[in-house]
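Some structures to go through are shown next.
In the two complexes below, chain A is the common chain; its partner is chain B in one and chain C in the other.
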Partner chain A sequence: MTLRHAASLLILLAAVPLLSSCWDKTEMNQLALVSMVGVDSDPDKGTIKVYYQIINPLSGSSTIKAPGGEQAPVYTYEMEAKSFGEIRSQIYKKLPRKLFIAHYKVLLVSEQTARQSIRDYANFIEMQPNGRSSIPMLVVEGPLEPVMKTFTPLEKVPSDSIRARLDQLIQNSLLSERNIRITDVIERMQQSRSIVLPILTRIDDARSAKSGEVASNIDAEQGSFIISGGAVFQNYRMTGRLNDEQMIWYHLLAGDKGLHVRLFEVEGKPVSLEFHLDQIKRKASWQSGRPVIRIFMDIELSTAYTSEYIPKSRNEVDKMEQEVSQAIERECYKLYELSREREWDLLGIKYLLRRKTPDHPNIEDAEKNAKVSIQVNARLKKMGSLQKPYDETGGGS
Partner chain B sequence: MVHSRKDKQHPLISGDLVRDIMSALGSPPDLFCRTLYVPDTEQLALQCVYLESMIDKKTIDDYILKSYMESTFAEGKSPHSEEWDNFWRERSFAEPYHSLKEQAIQALIEGQCILIDYKKERICFVNVTFPKDRPIDEPKSESTIRGPHEGFTENILVNSGLLRKRIRNPNLRFEPMVIGNQSKTTVYLTYLQNLAPDVLVREMRSRLSAIQTDSVLDSAYLEEFLQDRIWSPFPTLTNTERPDMVAAHLLDGKVAVMVDGTPGVLIAPITFFEFFTSPEDYYQRADIATFIRWLRLISFFTAVFVPSLYVAATTFHQELIPTQLLISLSAQREGVPLPVLVEVLIMEIMFEIIREAGLRMPRAVGQALSIVGAIVLGQAAVEAGLISASIVIVVAVTGITNFVVPVYSFGMSQRLLRFSFLIIGGFLGLFGILCGALLLLAHLVSLKSFGVPYMAPVTPAQGSDWKDVLVRVPRPYLRPRGLPSVIERLKRKH
Partner chain C sequence: MISRFQFYLLTINFIIGTTPFVMLQGLIAIGKQDAWIWPLLTGGAGVLAGMFWLLLFRHYPGKNLAQIPLEAMGRFPGAIVSFLFFVYFCNLSGWILRNLSDFLNGTIMPATPAIVFHIMFLLVACYTVAQGAECVVRLNQIVTPLLFFPFWIVFLLATVNWNWERFEPVLHLNPVVLFQHPAFFGFPFLETISLTMLFPFVQQGPGRPFLLGILTAAVSLSILVFVIIGLLGADRASQLTYPVYTAIQEVAIGEALVNIHSVISVILLVLIFIKFLVLVYGISETLQQVVRPRTRWPHFLSLMILLTAIAHSMYENPIQNAQWSEEYSIYYNTFFTIVIPALLLVATWIKRAYQKRQN
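Coming up: the complex of A and B.
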């Protein structure tokens, strides 16, 4: 029995060196908590720039008073090196604490870098033991540095501001989607598909280096940036842009079931309608050697936000449904044409064909020759609380 | 004093015995000898020797000496019955002097009074002990809201009476034993003969009779001899001052050990999950009892693991902490000079010191201690930059949850475990805690209490007993047969 105890103790002791231990112990106040990472490049010098936005813990906490008054919620460090690997060694020239990127919330890539390639960066993230790839990636229009050095009102930490805006957009519109994480980018690129990432655009150049000034300024938009449009990526490279209107139809065709309110024209009159995708079906078949893709979409309409015109009879409802269906079809076709013209695969046709016919010798050609039909079936499912909008005639009914 | 019959009588006459007793006991101040003479002579008639601190003086005055003087005392033949013998024993002068002396000394320290009757040449031992007991009171360490409020006292007879009051059953057995070479303490092995498994009673009896010790001043003395494994933080016997709890366990077929001079009664066998139950569970509605039981379980894990998990997560696994919390914790750590592990250790040790001081200090200084305690463990320490605010919360939470478990001795084991896990967590991180927890689990499943697996009924699984482990089902559905399966199993072993 004693021997058994001694043996088990020995095995335990032998396992101890394998455990995490004092050697990797880090106190929390030795960490530089990264909230946002930005990647830019300088093709002239052949260098890459990585911006780390580090959270200042003393600024965010209300109970611990920061010495010396108001402090910046984040500090931006700029690192320049010839490769991503080098940055890990160079960073401590400037940074006094251990870089801790496990909690970063947003990754920004400058348009210039995105147009070259983001493959290296994708590899770099996958290489890091505590770097997360489940965070959204956005493209910044123009130079990256001003965005990385911009304070945001309400949400003091800029990455929180961007994440919160993305979440709100996903809930309330079709302008953004959930699948814009780094891992989604890598997955789509490896499957030779396209992905559209949101674009951050600066509103104007006036910006403040003091967070207090931003907080005390009534104009929340001054010097800020907005999320607008999308950057299309093919093969780890940004190859074009979509505007907000195109983003709606892209997300709709991608199967996003978010709500969106848009102005349609029904019987020559403008009508704001809320719509969301109920279901989408994609069918692929071959007719005399040519692929035929049929996309069916069921869309639910609501007049909850309609103040212009409320249909009153069955005929009016039918008419509205028909015209909205046609309008959506038109817009979707337009996006498809654009996608074909630019050799993107926004509708995932190539991916669909490859899945259906994995042995096909030349999917690229087949996709180009594909006949695509989009059929939209819009149904008015919800009525708003307004039966009769106030009109110009005024008074009594 | 010279007596005419001195030479004819036994040598002890004329006060030799009294003198010898006095010298044997070291002439204590409470030893009294009252002498009655034959009227109008100097001849000794009666000597009454007693320890005044042990006897009821009124009985001696009113009944013994008065009766003697009225000559009623000495008349008639004493009845022979066991009861009478307990009260009244007679020895003749003719017996060997040495034996008489020894008996007399023993009787004195047991609280009897010695009458040396020169007229009839006999020595009588009269039991006039005055019981020095406190009244039956509510147990201080195990207070209850609903249910009986009586607690055991230091008198074993009173205690057995309290049990009989609850179990009016002829099968209730009290087996007396005397343990302690010096203290000669009376111990009762108590059980219900029809319910308790023979093998369990035999085992307890043999363990009790194997005890070789000089004194038993509390049941805890016996607990160390009786427990299955000495080197384990977990008690394999439980102790209580509540008669209702002992009665409940006896009715479950368990055995109890009562010790004279202490209100603490030992109960065996006991399993791990029984430490989370309390007799009060059965005095409340089933749903509330279940809720409270879960609270106790959560409290156990909180008390044992929270400090170590906090240290491990904040020193090794910051990735696990939600971002906002990490920022907040990180802000609190700014400017704190000590590592988290040292911070927590200091605070935990301070808390234990304050708690220990609070248990034993005089009441008058209580207020001073609570003020100082609040400063040491509170905001002042945080503001001085010595510790971070979150540590105060961690220590406070563990401190409170430690008291939730109904059995105090189990709470003590939690304290030991907490410190062990704290050290492991501080040096080896979550992985270390996991290894420690697995070791602890292995230890728990290997433990047995009087042949009953400690983790029963979870492992080995006893489906029927699950009704009273994590949930307490309403009484009508609870054990229709009467006994828990583990005890049934022991019974079948016989």
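Coming up: the complex of A and C.
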């Protein structure tokens, strides 16, 4: 019996080292928490540049005031090497803590790099054992470095600021969507589809190197960046751009349901209407060897933000619904034409055909010959707190 | 004694064991969006294999796999066959240990030496097995709900990334392709022969819970493959090393729940441990039957040394492992699990026929 007790004690003691997870224990204050990663390349030198934006653990609510003003919320480390693998070793020439990438929130790629190829980057991100690939990827117009070294007001950590803006855009507009994560990029590229990623653009060059200066400046725009437009990717390569207007129709056709307010023209008068997608159906059929794609969209309208004109009767409502439906159809066709012209397949027709008619021998040709019809059914469902906008009184009569 | 239900649970957990680590990506690479059918087919083959073993065991009620050769072929030739099973079990357990340390080194604990995982696992496993078969089975019964519910709840949470389009075109698979890759018939279902070591303990006969367990495990694996395809898509799932882990790693529910993949790590760890326990039990029981030692602890000590060594030298890198599994494992598994039992069955028939003629 004593032997048995001794043996079990020994086993318990042997298990003790496990509790500290052995050789892999890391203290919080030995980690460099990465919040944003930026990748760039230098084609002349054939090198790769990676920027790691690391959260300053001392900044935050209980800020310790540094002598020159507020502490920076993040520090940007820049590393240049011949390959991504090398960066993992080289970074410690500059970085005093263990690089911890599990919780980074945004990946930025410079436009120049995106136009060459992002396949290596996708592989690099997917390879890392701790890094997650389910984070949004954005393209930066122009040089990457100033964006990686820009402070953002209100949301102090730039990656938080970008993520929060994307979230707001997804809800309150059709300018961005959820499926812009690295995983989405990889999946769509593997399926030879196209994907549109948002573009970050700097507003002006008057940026400040001090967080305190940004925080004390009333002009939030000075030296900041905005999310605007989209970069079209095909086969891991950026092949073109969409402007904000095209982004709206792209996202609508992709099935996104953000509430977007846009100025339409009803009976020759401008009317700003809020609209969002209720449901979308895509049908593929074949007519004499030619694919016919029919897209039906139910769209809900609201006059909550309409200050110009609110219909008063059923006839007027019908008229408005009809004109808005036609306008949306027209814009969607325009996008389809553009997509076909540039061979982008933004509407995912090839993918639809491949799923619905997998046995067809030549989907590429079929897609080019496809007849696409888009039908929009817009319905006015909601009103704002104004029944009728105030008219011009004409001198108080 | 072991109840039928306990044995049923053990069969399921044994089969699932290491499968999520080593089989899924290859399976999805071949079957693409229809890969989920494949576990059902191989499971069906597994049931057939199970019925075949039951045919053998019907001749020897109350005996386990190590005792049957001794009885069918006599003491000396029988000992050689039993020893072959000993080798088979040892290799399998070494393999499992290695799969485990590969997984842990590749995901959460890259700096810890693999041998630490091996020794820690072996210590606990030997201790459990020394307590007897009931201990193994009861342990499994206790942990099963703790594995089942967290596992599927975590996958339910993961459905935020679900996309039905990933299954289209549905059932667009050339069945011939599947039969060109017979490796999946061997693993994991043929390995269930290890469970026959516990047959004598099962009350009211092991047959029905055993076959039902194989079926349930096949359905579970099919569901798991289905879920992985829905979450990751066939294109990504077939190229990742640990798709189960990655699928969960990508789940982020709001701002707070972002690290739930550790749940999956622990569950997979326990599942592997259960498979490992059954094999270590098989090893020690085979030794017991063949050499009939008076004290057992020296055996356990030497087993620990042997298995760590096997785990260490099993293969040099996962690429070798993958190639072996793909090209040779089916022959290896078939030899131990179909050919030898068939020989035993033939020996039994000859012996019975001879005895009849004597009478």
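For the reader, a short list of remarks on this structure follows.
To be clear about the criterion, the second predicted complex is superposed on the first by the 365 of 397 C-alpha atoms of A that agree within 3 Å, B and C clash if a C-alpha of one lies under 4 Å from a C-alpha of the other, contacts with A are read in each partner's own complex, and residues count from 1 in each chain.
Just so we're on the same page, a contact is a pair of C-beta atoms (placed from the backbone, for glycine too) under 8 Å apart; a residue touches a chain by one contact, two chains touch by 3 or more.
What you are looking at is a predicted structure, and each value in this text was computed from that prediction instead of being measured.
With both structures placed on the common chain, the touch criterion links A:His103 to chain B and to chain C. Once chain A of one complex is fitted onto chain A of the other, the partner contacts of A:Asp24 extend to both chain B and chain C.
In the superposed model, A:Leu58 lies in contact with chain B only, and not with chain C.
Contacts of A:Ala14 after superposition on the shared chain: chain C is touched, whereas chain B is not.
Of the two partner chains, chain B is the only one that A:Leu33 touches; chain C does not reach it. Applying the stated contact rule after C-alpha superposition, one finds that A:Thr183 touches chain C and leaves chain B untouched. Once the two complexes are overlaid on chain A, the chain A residues touched by chain B in the first and by chain C in the second are 15, 21-22, 24, 102-103.
Listed in rising order, the residues of chain A touching chain B in the complex are 12, 15-16, 19-22, 24-29, 31, 33, 35, 55, 57-58, 60-61, 63-64, 100, 102-103, 105, 130. Of all the residues in chain B, the ones that touch chain A in their complex are 314-316, 318-319, 323, 326-336, 339-340, 389, 427-432, 435, 439. Residues 106-113, 116, 120, 123-124, 127, 161, 165, 168-169, 172, 232-233, 235-236, 240, 246, 249-252, 258-259 of chain C are the ones that touch chain A when the two sit in their complex. Remark: chain A residues 7-8, 11, 14-15, 17-18, 21-24, 102-103, 126, 129, 132-134, 183, 186-187, 190-191, 354-356, 358-359 touch chain C in the complex.
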